[in-house]
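So that you can tell them apart, the chains are marked A, B and C in the order they are listed, and the count of residues begins at 1 in each.
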Amino acid sequence: MLAIVAIVLMVSLGSSSAQAATSDPTPAATASATAACATDAATGCLQGTIKLPSGDPAVGIKLAIKGGNLDTTISTGADGKWSQAITVAGPYTITVDTTSIPDGAVLDSAAKNPATVTGALNKNTGFVFKIVGGTTAADGTTTQTPDTDTGTGITFDRFAQQFASGIRLGLLLALAAVGLSLIFGTTGLSNFAHGEQVTLGGLLAYLFANVLGLNLILAAIISVVICAATGYFQDALIWKPLRRRGIGTTQLMIVTIGLSIALQYTYQYFLGASTVRIDQANPVTVDLGPVTLSQQSLISMGIAVIVIALVGWVLVRTRIGRATRAVSDNPALAAASGIDVDRIIRLVWTSATALAGLSGVLLGLVLNGVNWQTGLQLLLLMFAAITLGGLGTAFGALAGAMIIGLVVELTNLVLPGDFKYATALVILILVLLVRPQGIFGRRERIG
Amino acid sequence: MSSDVPTTTSTITEAGAAAKASVAGVDAVPGVSKPDPILTVDHIKRRFGGMTAVDVNHLEVQRGIITALIGPNGAGKTTFFNLITGFDKPSSAPRLIGGPKAGEAAKTTFNGNDVGNTGATKVAKLGMVRTFQLTKALSKLTVIENMRLGARDQPGENLFVSVIKPLWAKREAEITAKAEELLARFKLLEKRDDMAGSLSGGQKKLLEMARALMSDPVMIMLDEPMAGVNPALTQSLLGHIQALRDEGMTVLFVEHDMHMVRHISDWVVVMAEGKVVAEGPSGTVMDDPAVIDAYLGAHHNTDLGDDSLLTDEVAEELAAEVQNEKLTEGETTA
Amino acid sequence: MDQLLQTLFAILNSAISPQTAALAIAAIGLNIHFGYTGLLNFGQAGFMLIGAYGFAISIIAGLPIIVAIIIALVAALLFALILGIPTLKLRGDYLAIVTLSAAEIVRMIGRSSLLTNFTGGSNGITGNEYRGPFTDLSFFGNGQLDLGPFKYDLTGSNGWWFIATAWVIVGLLCLFVWAIMRSPWGRVLRGIREDEDAVRALGKNVYSYKMQALILGGVIGAIAGIVFILPSSLQPDSMGRSETYFIFTALLLGGAATVFGPVLGAIVFFAIRLFVQGIAGQFIPSSIMNGQQTEQFAWIVIGVMLMLVVIFRPQGILGNKKELSFDVK
């Protein structure tokens, strides 16, 4: 499994460095210079985080830093962070390259640019550049959108927009969460490495579409197939032998944590902290009444709906789907009634990783990029979704994912972006208080 | 299990005779009231999805005797046990809003205490201690540690006291002495320092029973004490159960093996499809055509050979599945 | 050879560093949860963060150090209560998911720009702002002390004073854990780990015991948080999910449900990482693996090692196979 990933990424690394020399580096594709800066007696750090008006990190904002013995340009990383190690204390001038700010946003007129900060050794010195909604005219003058649009006021338009984003997140989350839920249902395993499967899908799509230059659809299909293969071989090489050894689910869960750590750092090994874009073209947006979504978003949502419907149909209507649900219900009984449980579990692993991979590809397109922690950030939401829906029930996972998606995005209406994940998790805890078995779960029996 | 049981030749003790005598005049009808009930159960219902696992209208258990609870697989015996001992909550439990009508809410009285809404811990503290069908010997603790865990009133079980050994060492010595005595009685003393997991199935059953006795219970509930115990051990197990009664304890036990039930129980309660269908002295009940029918009726197409595979849970879930299927077709019986 | 010696020195220095002690303390707390009671707490880093914030913010607010420590521990206690009340009656997986989520919530709130005045936002709080009162307590005097490969200031940040305090705390906690785990209280916990229904059937209040264990381990986690930030700085992202995973790795490596397992595990954890990094840095040409990549390679090795340990030696280095904390059938 690791080996497959390593080989695939090795190819990606080799060719991406070649590509970087030739193609015009887009902001997101530029590797950020933010290798975490650590302070010690001889080193200090200048650092900060830049966020878009939406609350998402502003990726690839260029900053020129002058002062001491430095004259350098760095850019913000996938998390919107920038940092620069300094070895000389004193004043530094930081200038934001306003052309690197994405369309639709400008530097707050109140912000100083360039700004002067006083750096010290053995200390982090922070500075915040605030970006707000607005437009930049051809002559460079900026018009700042009045605060009502970027503030926290609830208007119908904002509600509609966030609602649409919520549905979008919910659908993509559902794709990934259904697999996690099926794995849990059939094997009792909470797979902490499922997030990395999502990341893998996105990174593979980047590799094929961008680095190797394949057609996007073809690249997506190949990525999903490879992801499915990782699931198949994971079960064949790791999980089935471990089940045979009779290793308990808690132990297996910690094995998945180990796998998750190993995969995360494998991705970082090849990509560093950079965010890569699957589709380099600027997204084309579509207006639907008050809602504006990119074309990729709409297509992704369509694909997600179709695939989810297909999964539902298979689970309900086909023999294999019924067998899967039977194994989820009671593996011993299913085995006793002649179902080949190992075969079903193999199938579940294969399709779960395929779905996660697809989710990763679509997320990469919708969010404008993938990095090593794309899936990691999603994992908690997936867990929240399947817990909310009732552990181990596939349809519960769907419903849970939609709820979580909506909650996360609608939170933006009333709270700053920092809190959007937090709200989803608070809701999870509250639901557990009232209905511990989740929305669709059954109560446990004892004795 | 139900074949070739060695015939027992134990003599009926004085206490045994007294126990039988205490229920001698009671009518053999389901739900009959007893002269001195220790446990009274009313309107207990438990549904799983569409299936009603337990639906007992009224049942009394006489103090100081051995009562056997028998019935085919899936009759709801284990669920009934769980409901009484606080491990499960009846669907008919009284609720603040939307519960059952006043006279129909579940009510369980044990030894003068209303335990209808009491958790398992408190039920056990009141003196009703149970064992489990699938033994719950704590396999990574030694046999003696298992026993000590059963004891009451150990101040060292309080976090703040636990840090200072002298505060609990004396009680620990008493507990250990008592545990060793019980272990000797159950012929487990030579296993004292072995991990409980290394015991045989029968020994685990014995350990579980001995552990339950550490707390000096008023009533002991044994869920299939003979299942998986080899014939040589069953004899001594039977002796132990009778001895408990002779010491004044009330015993309620679930069992499949009719020969044993006939041999040691003073009173027999028969459950089928969640209901109490018959009760009475063992001789009377076991010859009752309704009982024979209940057994054969549910058993004639079920393989009971592998008990570990076909536990009550599995059987009940099977039944639930069947029920669901049938409900969709408009039928109501499982 | 020179570089090997350097790696060796780096390992020795990391073995005694307060950071290692902090990891050990966090693992001791997690050991009470996971090793002895079988609670799946995936938010130990959250407890550390709560402790760290409670301590740092109180000190900055001008409170005496002892009050700051009490505030930190009480905060962790409340956090454990909030987490435990909805989940400890449910199946173990729920506690895992809720603790994991709650730790993330703490981190997100901590790094939120709304609270920058208190928490310093995502940049956190620099050590100079809260270290003073602790440094003032030092009776080690000024100057430097060299012991073989260990060359530190007596009192300065990351100096002997910090190292000594951290390891004295580790020692006291080991003693404490030993004392409570040999007691009847510890026996009840181990019983719960095996089968909580059986313990409930014996009349023990399982919910209360699980809550006590959660609180105790969480409060020890908060102590770890304080020890963790004292010599360095408080950065919310350094106490995220990965930190919890590392605490688990250290615990399992050393041996869950053993008194010294967490301590040994923490030392070995850092040693392996530095060793792999040092070896990779020396023997693999930088065209294949550059400096940054050796670090990531070391983490990959840690991840794979966690998998292998759990599969092939779940009792860890010190554990007894018969007394595994896992359910090995």
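Just so it is clear, contacts are C-beta pairs under 8 Å (C-beta built on N, C-alpha and C of every residue); 3 or more make two chains touch, one makes a residue touch a chain.
Remember, predicted model here, so these are calculated numbers, not experimental data.
On a Cα centroid basis, the chain most remote from subunit A in this structure is B. Among all pairs of chains, A-C has the largest number of C-beta pairs in contact.
With centres taken as mean Cα positions, subunit C sits 45 Å from subunit B. Centroids of subunit A and subunit C (each the mean of its C-alpha atoms) stand 27 Å apart.
Per-chain Cα centroids separate subunit A from subunit B by 52 Å.
Along subunit A, residues 446-447 each make contact with two or more other chains.
Counting partner chains per residue, subunit B has residues 87, 132 touching two or more of them. Of all residues in subunit C, those that touch two or more other chains are 197. If you check the complex, the residues on subunit A that touch subunit C are 2, 35, 39, 47-49, 51, 81, 122-124, 126, 128, 190, 242, 245-248, 250-251, 253-255, 257-266, 268-269, 272, 376, 380, 383-384, 387, 391, 416, 418-419, 421-422, 425-426, 428-429, 432-433, 436, 444, 446-447.
The touching residues of subunit C, counted against subunit B in their complex, run 176, 179-180, 182-188, 190-191, 193-195, 197-207, 212, 216, 322-324. Only residues 85, 87, 119-122, 124-125, 129-132, 136-141, 145, 148-150, 152, 154, 156-159, 161-163, 165, 168, 172, 195, 197, 211-212, 214-215 of subunit B touch subunit C when the two sit together in their complex.
Across the complex, subunit C meets subunit A through its residues 40, 85-87, 89-94, 96-98, 100-102, 104-105, 108-109, 111-114, 120-124, 126, 128, 197, 233, 241-242, 245, 248-249, 252, 292-293, 296-297, 299-300, 302-308, 310-311, 314, 326-329.
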